[in-house]
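Down below is the structure, laid out as structure tokens.
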Amino acid sequence: MSEPEAAPRQETAVTSDAIESPLLEVDGLRKEFGGVVAVDGATFSVAEGSLTGLIGPNGAGKSTTFNCITGIHEPTGGRVTFDGQDITGLAPYTLANRGLVRTFQIARELSEMTVLENVMLAPGGQVGESVLRSVTPGLRSEVIKAEAAVRDRAWETLEFFEIDHLAHENAGNLSGGQRKLLEMARVLMTDPEMILLDEPLAGVNPTLEEKLLERIHELRREQGLTFLLVEHDMDVIMNNCEHIIVMHQGSVLAEGDAETITSDERVLEAYLGGDV
Amino acid sequence: MSQRATASETVTLPDPAERLLAIRNLDAGYGDLQVLSDVHMDVADGEYVVIVGPNGAGKSTVMKSVFGLTTYMGGEVIFDETDISQRNPDEIIYEGISYVPQTGNVFGSLSVRENLEMGAYILDEVPEDRIEDVYDRFPILRERSEQSAGTLSGGQQQMLAMGRALMLDPDLLLLDEPSAGLAPDLVEDMFDRIDRINDDGTAILMVEQNAKEALRRCDRGYVLVQGQNRYEDDGTVLLNDEQVRQDFLGG
Amino acid sequence: MSTVDTIRGRLDALPDVGLVVGFIGAIWAVMLVLAIAVGGANWANLAAGFVGSVTVLIGGYAILALALNLQWGYTGLFNIGIAGFMAVGAYTTAILTAPTDPAAGAVPGLGLPLWVGLIGGMVMAAIVGGLAALPALRLKADYLAIVTVAFSEIIRLIVNWDGLAEVSLFGVPVGTGGATGISFKSANDVASTLINGVGQPLVTAAEGVGVSGPNLANLTYGILLLLVVAASYWVLARITDSPFGRVLKAIREDETVTQSLGKDTRLFKIKTFMIGCALMGLAGVLFRGQAGYISPQQFRPTITFYVFAALIIGGSGSNTGSIVGAATFSGLLFYLPARLGENISLGGTRAPGNIVDAVAGFASLDPAPLLAYIISNVSTLRFVLIGVVLIYIIQNQPDGLLGHRNEPATSVSLDRPQSGSGGETDE
Amino acid sequence: STEQTGGDGGDGGDGGMTGTGTESGGDSGPESPDVLMVVGYPQSGVQLFKDFYADYGDDAADILVTDGLQDGELPSNVGNDMSNVRGTAPSAAGPGVDTFTEQFTSEFDYDEAGVFTSQAYDATAVQILANLLAGENDGQAVRDHMRVVANPGGDTYGPSELPAAVEAAAAGENIQYEGASSAVDFDENGDMASAQYQVFGFQDGGGVDTLNTVDFSAGDDIPQPEPNGSGSDSGRTIRFGVLMPETGDLGPLGRPIRDGAILPALQLEGEVDFEFDYQVGDTQTQAQAGIDAANSLVSAGYPSITGAASSETSIQVARNVLIDNSVVGCSPASTSPTITDLEDNDYMFRTPPSDALQGQVLAQVGVDELGAETASTLYVNNSYGQALQEAFAGAFEAEGGTIVNQVGFEQQQSSYTSEINSAMNQ
Amino acid sequence: MGIAEFARDGRVVVGERPGAAVVAAVGGFLLLDLVAKLAGTTVFFVGTKLLGGSLTVSSLLSMVVDGLLVGLAVGLAGIGLSMTYSILDFANFAHGDTVTVGAFLGWVAAYITAGLGTGAPIAELFMLNSGRQLSTVSTLAPVLLGLVVAGVGSIGIVLLIDRLTYRPMRDTDNISLLIASIGVALALRYLIAFVFGTETSGVASGGLRVTVFSMISVTDNEITLLVVSVLLMLGVHLLLQRTKLGKAMRAMADNEDLARVTGIPTERVIRLTWILGGGLAGIGGYLLVLESGTISFNFGWILLLLIFAAVIVGGIGSIYGAMAGGILIGLVDSLALIWLPSGLTRASAFLVLIVVLLLRPSGIFGGVSTA
């Protein structure tokens, strides 16, 4: 579990070819649904502090890989290691508490709660999540103190994403793009080390898209977060990711930096379809 | 015509006689919430029209309103000279409009083939040849024809949805972000297919976030902001308009 | 800063407390008016009887509605096995406290003091609730509903089964009494003891105006129940106005998201089930077992649906709404019509035995038989009324009488902190 | 061998179906009992007998029933003439029975005075008289004068002289009420000192036939306390409650009994210089609903109550309402032996006899009239059913018979097939 | 940590196979016990009885027949619940009371026609307490007429309720609809009580008894139940198979908005759903009364949980599942007596419900597509 005010991690230099300090390692991951093999021995790793792209044709198994890593599905085979520890098949909340969180392909806001509540929910291990503490007269003052701190941080986060004017709005009333922002804000409040983003930009207006990418880079710079990004927009991938993994039919077809990928015959054939 | 603002002086509106779809002063929303106010749009026979705009602008709402899926609050939707603004969706389909929604556009628990059959629900018989046509267009669907649609990948579902809408050979096809979630080669492919469908004489009204590509290919485009018309013009004109580029196309 | 928050939190609760008190007061007033209208010289005693009974009902339903609100209103757990959990609590208390040498024909118990029984009942209900929750929580809402209602019927059938009516547990004879039920130390005795002891002057005064001892005891019991309601409210408000409550709301909205944010939702759900079921168990004894007697008949699924009606009428998701709903349901929809029916008479017209005869009179332009029939069947018709009100509310006012109350689940004010005095300095 | 299994259809550990030592098995199966004794209430009875006849037809066994099933409508509701059924029930054998029957059938729309209606009349009459003699609507005072007006000592009055009895009691006289059901003499437990039972069968066109009667006469001393009440001035209002199952399992019997209970007030109204104020509460044949209804009567200030009918309800109402609130209960129908020993501060009386006797009568009918050697019992799972079937089983074995199975059942189920199968040893 | 492991183990243990293994083991033991009982042997183990006892084949058969008959009627009633559950997406708690309403309407009609000309007072006929017992052989026409009225009448009632209650709520979530149905259930049940009283009336009793294979004896009324319900089930099967209705219903259950834009007349499908479901519920209720012989205002409500069990065991949305589930639950309810005391047999049916929901939430027949 991460400390509430974790010191910013030192910047890790990431080179495009050699991954020195992998934060997430996926080894021979496999997932079958009945007869369909969705993920077929995918192996790759993600360097600490990097923004890594995960691309591939539709049905390549990207979302399924995400689901297996984050505990939504139990993998049929293979191993997932995070921060040096085996996390294969652990439940989502355990992973989140260890600093590995995700956003959803379709934003899932908690619509009957306010934006602020959505964000205040996220921090892990809040004292007030214990019934005893929140009820017992003496102990409750502790809860109240912690709550004030969480609230203040929540406001800051909302300001960072420029949705603080919506703080008391029900999350269900936000527009599509605002929901994506909220989703990012919420995930950040968990103090993650690594965020998996499943098509965060799909359907996002280009202007907003730029803003979101800017935020992602800012978070990497300032807090040393690691990102794994699924995205179909090649402009985004090529211009932002220092490392790119290409999946095809459930396994990794190629990886490397933008140049390596765009010059890879197989990738061109399987995914990029001729020109880019 | 009462356009609030236009990007250029040369607006080429279709001749009233050719207008297949005409949306006039439309107000619509959900329950008590009004989303669209005073929206105008036209699609001529065989025309290819694109709507772009920021998230939450009401683009999908326009589409749904044409199909009678929103709360009607005023104005008119005229298709083929009949007012369909307050009709039920299951009647509108008989007029010759098909619609591919942005989300939830396949029947998850039905098989791929059954989804296509449902696309031809209003016909008396299942048109086997059309199903074959769709399979030819999207071969992966033939491969998965017995799999339940809910377990297809995002992109595969998008293809199925499109295939379903094509089962009736409509006069007007409403497409809500057909390229969202598609791999780049498929995006190209999808746009090509849409072109082809349009070439075959089907008019198209499409919402796209992939605005540049869409505007390049279409006949005309609308920019919708906060539930109101902002700009309208030929696709290429909009594409090259500095203001539009700045505000909506991301530089 | 935190003291300011605390004080503000306390002040925020005041209007709600006022609302609840005012509402219950209004229902009392209605009962008083009714008693004066029909009671003649006996009105004071009648009023005490009406008010006492209605208070007990309100108290009982309020505890149940509060418990359900925690499970359903907050967490979205659709528990319709309330009756079963009430039975577990009530039977545990009964078995713990029933005398070891009971009257002829009754089953013996362990003869423990009442407070041991009450705690035991709550603990047992919590344990059974937790066990029931373990597997059931994987299910979506309506499946959970069906599992819980089936579970409650299984519990009822088991306590009803005469195989357990009287058994020997490690050589000590105990049992459920089967269909016959079980008599035990009733909490009512506390009320009686209270008024016969310190309350003696009160009794004398009450008897002066014609209020009988039993009615006074009943009234006292009702007020004691309201104190339990107040305590439950206080505890639940603290639970829900906290990060714990926030997680519950999040689970209600989207469990997968909540899990992905690092919350072990299963644990939260189990805790919620246990707390709620403990309260239901308590209500099982205090409410259904007021007289010191319980039987399986009292724990049929219908009671569960009444609690739901109460909560929905008041407004689920709101603790205040739970109490207001319980008062409306039990006072105005459940109790009042029955008393009206009993006390209205149509001169000499005896109610016809069946509806055909009643309508036949109407055909010959004499509405009296039909009216008499209706009046003599109000206690049936009130359930029709309850059903219709329920439909009306869910159609037109789905958030209940109190309307939608978005009570943020937190223990502090959520306003933007004044810039400068930010949170970082607070550590 | 006797196995008390109570509703146990299968082996359930030591169930009846298992039999003992029948290692041979095969398809011959265990024997059905000669007679099936059924204790229950009419509503369940309809379903139970329908299921019985549907599976076993008319001549699989003779059936014995008790007072709870003495409902003349039963055969037509079951759809069978029920000619293989014999029953026993406390009968109306008081000196005033004819007057009562006459008044009852003319006041209400009944063809005959049903079971326990005369007991109900007597219960109310005694309460009214005790109330008048005591001079106040107070439970304790009424209790203290119940025996004064009912037991030997003073002038004798019957149902036909009820107005005169009222005047006498109001004048503070020690009187003796002789009722419609019996002489109405309460022993120190509040039970009847003597009893008469009838043996009945169901008639073809509805109603029941009394085949013969069995008497038990008074053995004990009949206590007779002295009056110490003031008597009543004219114009007083006499208040009493009636607590009856108007609905539920006993509904068909409960409604006539209720009418019997209010008949004295109807008869006296206008005839005497007193007002009568009564209220009826419905127990729905459920103890809890009974408690609620009783509480409601007590709240409204009635010092005494005629009721309840079902023993289960009477016991629970006495324990949980009457005794605590010092209100007199006088049941016209509860026959369970448990009531005799109730620690009731003398607040619970009843006008029918205890089933300790009925069990014997039943056993006699079974052995002597039906020539049964084996019997099974099928009883409603409450204080009434359990005790009466035990009394029967004891008496039947004492007469040399063998009890095969004892099976309990719950009220108002949608099917009794499994219970019947267990009892019939199938 | 500890919790994590617990959760993971839990997922494995509660997973499909171990649960199924336990169920299979219990089932095997019960079967062995049954065989021993039929053979009349008792097996002792360390002094306590392990299994066995005695049971005749004929009583086993009669239990099977009883279970089958009740199961058929429950299955018939269950079809409607299953359909509304999947298409309108809510658990209809008023379904049991629809069963009651249908039964009352049908029996009143049957009684009045049977009583015409016999001089029985209309009040008694209407209140179902003239004391007459109908049977298929002795009063064929009234019984058949009642059957039709039960179906048609409950369709009318159900459509009216839909119009007043559910239709204004089409867009609301399924829990609101469920709650509304609780309101409907209360109102319906007590309206019946208001009109017909709370008494149980005996209305039917077999007029003819047939013994098959010299072991199973059934009445004409039971045969009627068997024949009518099998015919109706076949009819429903054909209807859904031969028309697009079946698929349209599934499509609607899946995604109503999409169904509408595809041209499926959703309101009409909903209406047809109610018509089929309501009609079958009413007829199911009518036939149950024909078999058990008695009717009372709350019998459908009491039956509801059993119907739910049937539908869920069969897999919600699956018509064949509802039929098979009904029969299974009917058999469990009846055969449980072999192993359990009679006070607990009903509990065993509920236990089966819970076990199925936990092990196979999609139902035993779930996933097998309908029509």
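Lettered A, B, C, D and E in written order, each chain numbered from 1.
Note that in this section a contact is a pair of C-beta atoms (placed from the backbone, for glycine too) under 8 Å apart; a residue touches a chain by one contact, two chains touch by 3 or more.
Just so it is clear, the model here is predicted, and its values are computed rather than measured.
Engineer: Can you name the chains that touch chain D as well as chain E?
Structural biologist: Looking at chain E and chain D together, the chains touching each of them are C.
Engineer: Which chain's centre, taken as the mean of its Cα atoms, is farthest from the centre of chain A?
Structural biologist: Most remote chain from chain A, centroid-wise, comes out as D.
Engineer: Sort out for me whether A-B or C-E is joined by the greater number of C-beta contact pairs.
Structural biologist: The greater number of contacts lies at C-E.
Engineer: Which chain has its C-alpha centroid farthest away from the centroid of chain B?
Structural biologist: D
Engineer: Can you check how far apart chain A and chain E are, centre to centre, with Cα atoms defining each centre and the answer in Å?
Structural biologist: 48
Engineer: Once you find the CA centre of chain C and the CA centre of chain D, what distance in Å lies between them?
Structural biologist: Centre-to-centre distance between chain C and chain D: 36 Å.
Engineer: Approximately how many whole Å separate the CA-defined centres of chain B and chain C?
Structural biologist: Inter-chain centre distance comes to 54 Å.
Engineer: Can you give the whole-Å distance between the Cα centres of chain A and chain D?
Structural biologist: 76
Engineer: Residues of chain A touching 2+ other chains?
Structural biologist: Those would be 91, 94.
Engineer: I need the residues of chain E touching at least two other chains; which ones are they?
Structural biologist: Only 3, 7, 197-198, 341, 343 qualify.
Engineer: Send over the residues of chain C in touch with two or more other chains.
Structural biologist: 160-163, 264
Engineer: What residues of chain C sit close enough to touch chain A in their complex?
Structural biologist: 1-2, 5-6, 9, 235, 238-239, 241-247, 249-250, 252-254, 256-265, 268, 271, 275, 406, 408-412, 414, 416-417, 422-424, 426-427
Engineer: Tell me, which parts of chain B touch chain A in their complex?
Structural biologist: Of all residues in chain B, those touching chain A are 53-56, 102-103, 140, 147, 151-156, 158, 177, 180-189, 209, 211, 247-251.
Engineer: Okay, in this complex, where on chain D does chain C touch?
Structural biologist: It is residues 6-8, 12, 279, 282, 286-289, 291, 295-296, 298-301, 312, 315-316, 319-321, 324-325, 336, 338, 341-343, 381-383, 386-387, 408, 410-411 of chain D that touch chain C.
Engineer: Of all residues in chain A, which touch chain B in the complex?
Structural biologist: Listed in rising order, the residues are 33, 36, 55-60, 63, 105-106, 174-178, 199, 202-210, 232-234, 271-274, 276.
Engineer: If we count contacts the way the header does, which residues on chain E are in touch with chain D in the complex?
Structural biologist: Listed in rising order, the residues are 37-42, 49, 53-59, 62-63, 66, 70, 129, 131-133, 197-202, 204-206, 209, 217, 219, 292-294, 296, 299, 302-303, 334, 337-343, 345.
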